[in-house]
Amino acid sequence: MNAQDHNRRIARWLLIPSVVALFIWMAVPLGMTIYYSFQDYNLLMPGFRQFAGFGNYQYFFSDPSFIAGLTNTLVLVGSVLLITIVLGTLIAVVIDQPFYGRNIARVLIIAPFFIMPTVNALIWKNLIFHPVNGLSAFISNLIGTTPIDWFSQYPMLAIIIIVSWQWMPFAILILMTALQSMDQDQVEAARLEGAGPVDIFRHIAIPHLQRPLIIVIMIETIFLLTIFAEIYITTGGGPGTQTTNLAYLIFQQALLQFDVGMASAGGIVAVILANIVAIFLIRVVGKTLAEH
Amino acid sequence: MIKYNPTLIGVAICTLASSAFAQQTTLTIGTVNNGDMVRMEALASAYEDANLNIQLDFVVLEENVLRQRLTTDIAAGSGQFDIMTIGSYEAPIWGGNGWLVEMGNLPASYDVDDLFPSIREALSHEGTLYALPFYGESSMTYYRTDLFDQAGLTMPEQPTWHQVRDFAEALHDPGNNQYGICLRGLAGWGQNMAIISTIVNAHGGQWFDMDWEPQLTSQPWRDAIEFYVDLVRSYGPPGASSNGFNENLALFNSGNCAMWVDATVAGAFVTDTSESRVHDRVSFAAAPSQVTEKGSGWLWAWSLAIPSSSNNAEEAKKFIAWATSKEYSDLVAQEHGIAAIPPGTRISTYENAEYLAAAPFAEMTLKQMEKADPSDSTLDPSPYTGVQFVAIPRFQAFATVVGQQLSGALAGSTTVDQALNNSQQLVRREMVRGGYID
Amino acid sequence: MKLHSQKVAKELTATVLCWAIALLIFFPIFWMVLTSLKTEIQAISMPPQLFFKPTLENYIGIFERSNYTRFAWNSVVIALGSSIIGLLLAVPAAYAMAFYPSKRTKGTLLWMLSTKMMPPVGVLIPIYLLFRDTGLLDSRLGLIIIFALMNLPIMIWMIYTYFREIPTEILEAGRMDGVDTRQEIMTIILPISMGGIASSFLLAVILSWNEAFWSLNLTASKAAPLTAFIASYSNPEGLFWARLSAASTLAVAPIVIFGWLSMKQLVRGLTFGAVK
């Protein structure tokens, strides 16, 4: 037995605790959820429980909010990703240059990421977006327009703004630190050859940022798929179903209606969708990594 | 290998603890963060001082979070709470499920017959009382006397919804941040559906006919919803579809609403000098009627109940009896002034001349409380009890989605017709699923 | 000389621009803190008041009513405890996958990350029943376990990414010298990737601190963290903006300060591709 094999065996043992823990974490609830998804089981009606076949799935798919939930989920994830990546990259590049009070300014920029999503939503809903007493109403009055009623006129946009405000600092933080490690000699050399800031950005910064960008996209996607608190506090999924995403739809089944069977069916559907997204992401990520 | 039995260790620790503290009992109380409840939390130290073996542990949560938290706990029988704050919707259903401890054998000094009969009935299932009311409410019309005087208008004691609309039209002045009427628009069975159900009742409508067939596309519903959407869109504040009780209270207190139809409990808030800018310019009228007065004002009671899974039912009952007693009211009066005592539960409160003098809203509250009758709240007979809700477990489910549909109609993302047709389908779907109809 | 003044001018422009961005992004937080120092009537007044006589009455009221230190201590214990456990599990796993990849490594990573994409509300009832039967309801241990597992996939993945940046030559040189696996991790890998590991840890702490679904649904009083504290101040009857702002400020202050203090460390350590 050579040393390499020996190490490999040790490595396998190192992996096992995490795999087992995650497997239990996933398998036990998942198994229970699958089981419940075939039961007609409502917590509010004790003693009434029977095998339901695919009834719960049928109900879930035929829920008029299902399609809305699916599209809203994708719109929310896509828009927030786009905003945080584009603006995040620009801001990261801008604040990478030297200026007075850089450290303090950076600290201020990162701060929103540390704020609880519930607090974040409460601040925006009450202090800023409130159509009568909020700051946005004040600004509208100041410039002489009618105040925008964010949560009924542009509910999805409002939520996208709130969520982006929270996640953009994360993108900035990761990208900013990545930029710091950029090869300054290379930048200097390019500059001497007459490259402008835009060229440097396109040909040196962007390729350098590829890997951190993947980290940002991956982690944000994971969290954005299950965004819940911001919707719960601001719009409650409405008006109508305009801001109901899948997580919120399942919440309605599980905790407003206590329909364990249907909520479980919804949970299983969400898991399947999540895996589709994950496979898709890994494809993209894997490809980019291979090119690297 | 020694296997540790967690129960044994638990027992051992408990034994140690109890020998140290001579039978100290901790009561965990799940409660909502409303002003009256928070006040109770502060005053409860008086109870602890009088009962040294009792320690009270309050879990204060926002209404929606609390409801979801308590329901999970009681349905799973996990026994995290000894006392739960619940409403008149939950009490009869949970009591009927056998989840709550009966509220019998109350001491004579408690004077259970002093509680409003309508409230007592609302908290009972098949004649057994399952919760004791902490404060009760109906709904009524709040209006600004200064604006009415200015415009030369007079609010009748019992207005109709159409009169209210005419007043709203006359007083609507959005350029000056003054809106004709504020009404709940936020989706939720306890939010917009509460006011909407009473408007529907007033228009002669009902949720179900005697065969449990949903009635949401009937003429009274159409009339009521078209009226409501038109009223709030034309003369309401911006953002009405995300306004619930709190948001409207804030608007009214900052002087933005000429009228507001909502819970009677707000009487104490709109007349509070430290909270309200309009405290000296408010008056009160009955909740508007239309074709009928039946069911035009709702009935709700925040109440305290004991889950069957509690291990300290006796001690819990003693505390609840104290917290909903006359003695407690006296304590509040002494500490915070008589106008602050929990309203809407006891007849004797409204026979107290001192209270009536200090609380200008008391008289109208009493009238509305006496008028509301959960067992007879619709023009045509209906198979359910409840004024602004239907006391069946499925109600939460379908009223939530109907609430969403109607807030969508209010925001203008769907038409009233569409919203009602969708709602009818959704309710029907739930009722079929519940086995009420085929 | 001209070159110098040009440079100063450029730096001034950059300063104005960057500070504008920073203040804009930070503004909601500033506004929250400002509102927490107003009375309720001032908080909703239009036009908004920028200059007023600050009051601490909201904070005093909160400390009188709620046991803030208990909530905060629970948050600290749960966030640190879960992140430490997560780290202990994640580092070995990431090591194995980064340095001894097999055909299944990519699939395993994908699967780990996908466990994160399921909405927690879908499995709440099963977990709740499980916790009830094991006595973990309303215990800090229960939340520590949940959060550690919740953040584990992200920690593994991030640390894996940092490990992959370490050139294999360094490791091979070490192995030539006869270091065993433990020494290799402790003396070669950890020092190089300290910044990356610290940033994963920080991220886990922040995520645990801010998690509001499990922490609300699985606790009652003993183990309730700051998210439950916030839930007792949102949407009461009556005016509440000022007091809510004060409660929010108290709930986020510890983590914001912690984040700011560790940021300098982080920026230095989080250097993708620094080890070439």
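Order of writing sets the chain letters: A, B and C. Residues in each chain are counted from 1.
One rule holds in what follows: a contact is a pair of C-beta atoms (placed from the backbone, for glycine too) under 8 Å apart; a residue touches a chain by one contact, two chains touch by 3 or more.
Note that the structure is a prediction, hence the values are computed from the model and not measured.
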Pairwise touch network: line, ring, star, complete, or other: complete
Contact-richer chain pair (by C-beta pairs counted) among A-C and A-B: A-C
Intercentroid distance (Cα basis), chain B paired with chain A, Å: 36
CA centroid of chain A to CA centroid of chain C, Å: 15
Sites on chain C at which at least two other chains make contact: 44-46, 124-125, 129, 231, 234, 241
Chain B, residues touching no fewer than two other chains: 68, 72, 76, 177, 250, 254
Residues of chain A engaged with two or more neighbouring chains: 43, 132-133, 137, 255
Of all residues in chain B, those that touch chain A in their complex: 68, 71-72, 75-76, 93, 97-99, 177, 186-188, 237-242, 250-251, 254, 256, 393, 396-397, 400-401, 404-405, 407-414, 419, 422, 425-426, 429, 433
Chain B - residues contacting chain C, complex: 6, 10, 28, 30, 33-35, 38, 41-42, 57-65, 68-69, 72-73, 76-78, 80-81, 177, 244-246, 249-250, 253-254, 265-266, 269, 272, 274-275, 277
Complex contacts: residues of chain C adjacent to chain B: 40-41, 44-46, 64-66, 124-125, 128-129, 132, 134-135, 137-138, 216-217, 220-221, 224, 228, 231-241
Chain C-facing residues of chain A, complex: 3, 7-8, 10-12, 14-15, 17-19, 21-22, 25-26, 28-30, 32-33, 36, 43, 91, 94-95, 97-103, 105-119, 122-124, 126-128, 132-133, 135, 137-138, 141, 165, 168-169, 173-174, 176-178, 180-181, 208, 211-212, 215, 218-219, 222, 225-226, 228-229, 233, 246-247, 250-251, 254-255, 260, 263-264, 266-268, 270-271, 274-275, 277-279, 282, 286
Chain B-facing residues of chain A, complex: 42-46, 59, 64-65, 130-133, 137, 146-147, 149-153, 155, 234-242, 244, 252, 255-259
